[in-house]
């Protein structure tokens, strides 16, 4: 598989709240490639969607949610940083951003939980800094910052190529408590009656979910989705022959949480490849698990 | 009072997210008994309600919310368990469930906060285990797992017998963070303009709320309902002559929370009998408090 | 500036959940003064708004949200108190309220985190107590309990005098987890398409935001608003010549949070004067910062 698109995606500045760079990139990508896709989707975006994008293919029953935003840091006062979402923070990490004086590449300093930057000049208040991308690829693995969730976006774009019926939602703010899924869910439910959702996101390597054994189907995390929907997905996965692993966690969350608590009767399931070194510049995912993720999404979008 | 129905309800497998067993039981019960009720309700259920049920009697102004789900445990990896909701967990508790290999009765092991099961074979990932029912009845008390909230469901079914105008909602997921009340609230508000709610649920014995002195009217818990609605309920309760106790807490939550934060102007109040040994297999409630709960609901549903 | 209206507002009993006193006062004030205002607003209130009020001026694009409620305490059992919201609690603070036996003025006792009152008689369960007002004014400062958020309400009323197009929302429950903004947001979005909001509330003096240097524009707190909207507000503020300070925090929340997670695509920004002695009877704000707050709101409501 060619991962140059993923490489590009991982380098786009789009911390939660400022996803406009990803939106612009994705709209350009979609406009350039949709003619090659099996079905040309309707594109729904603009003021009423803030920086989110909705693609509608054919007669949809199920939606894929892939969040565009990443974790990062906001410059506070003096050399202080405040986290955006829950980034891993170790001294020496390289951070990049831009303020009124120009491009910034600086170093993260972590001191007993307090976060600072090291840079020859002061940085404007409110400037967002993100991990500097260092994309690495071996025969077996891809490694970079922000595989969570540029890989979820990549998966959605790959599935888009052959998708006949379905919705793809590119959402915002997922890493920092949400804020776009409520109105996106309202839209796809009220316009098209869509109330099944797959969360195209990246999960964790644990004692029960390992590299190379296939995409993870999460039976629960902090949130407990409806069991009958999970069972249906597992049954389709078994029949498909695609490698998958069952995940059961008591913590962690996703865009699924906002569907769960929305005033619409959504069924949802998190289905995604697992990564190690979560929320660090060195997130790593096995290529076989990525291939399985794409394969399983193709099957699920047909059979659900 | 005959508690054999309550006994039955306490034994139904319905942890949060998998309430389909309770839904099936309740639909059968309602179909069998509604001919004897003063008013035959409209039954609203199906895909758009997931596993929840809404009963509409006459011209409703007020809704009773009774959650069907229970706390429990999900099997993780190896012999590990993850809680569903906030169960009390002590070594030796008997747990029951079912997986691909058949029926399971096993023992809970608690070790410094970590939860495990003890069973001769491995149990399928994602299997839900619940407390094994041991229903006990004396002259004064009923005792069992899951009085919270099978007693709230029992109360709703008793009130249904004579209810002329009102809605009864059987909700899901309450023990684990919610997820059905938002769309159920939307439905009853948009369809029938209902914006008053009584939360038919079980509360705690404390230094201020004791066994045998009547149903508790909760003036607040973690959430603060609108004072003018609480005052109205207390005034009706005083006039009714039914024994009641006023509860004031800073913690604890219920389906009321989801009504509070819903985009509909709901007034709500938690009204329920108090129990001791909360969220354990040995929940215990005084029969007088149950009788008062049913009596007060009958009055409130007429006068509110 | 004449602060006698602010003085009055600070003395009105309106802890979260019981805002009816503020509602009554505001409706009277509005009815008395609206004839002098540039535009006479439509007043939306009543059952469907609980104790909240919405004023509509002309053709609105932007709404001001000012919460009416305050922190306080609820009487529990014996002499115990439970907080409403997050009040500062020090022994010796004077508290006032009313129960079935009459007016109460008592003393707060704080003992290792436990809260009690000292009063010659028992107080009814569920009685709300609030700080006794001691309004102080110097050449530079105003000081009182409940500047948060009676000053936000005061700001909205001052802006109302010359407002041509816009919405003013007086909301409830902000200090205790919310509950009115969801339906208020729904109303102003569905009725008038309003999806821009300014949060008229009071923030904190910190190492980066100080007394006397102008109104604070919050770039983020616990919640991260959409960056493009914040940038637009900062650009208008710079052009206006009004003194302002940029705030960046990782904690703290406001009515903005509920707009963020609502099923409507709201852009929002917290714009408010900073105070010291937060959530105590001695909240203090610099008069210059109040003047800047009012001036900036006037400009923003025209230019946004």
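The chains carry the letters A, B and C, assigned in the order they are written, with residues numbered from 1 in each.
Methods note: a residue touches a chain if its C-beta (ideal position, glycine included) is under 8 Å from a C-beta of that chain, and two chains touch if they have at least 3 such contacts.
Labels paired with UniProt names: A, B, C = Aminopeptidase.
Because the structure is a prediction, the values reported are computed rather than measured.
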Exercise. Working from the CA atoms, figure out how many degrees subunit B turns to land on subunit C, in steps of 5.
Key: 120
Quiz prompt | Same-site or different-site touching of subunit A by its copy subunit B, using the half cut | solution = different
Quiz item: Using the average of all C-alpha atoms in each chain as its centre, how far is it in Å between subunit A and subunit B?
Solution: 36
Quiz item: Counting only residues that touch at least 2 other chains, which ones in subunit C make the list?
Solution: 262-263
Exercise. Could you please specify the touching residues of subunit B with respect to subunit C in the complex?
Key: 195, 206-208, 219-220, 222-228, 230, 246, 248-250, 260-265, 267
Exercise. Please name which positions on subunit C make contact with subunit B in the complex.
Key: 16-18, 20, 47-51, 74-78, 82-84, 125-126, 128, 173, 176-180, 182-183, 185-186, 258, 262-263
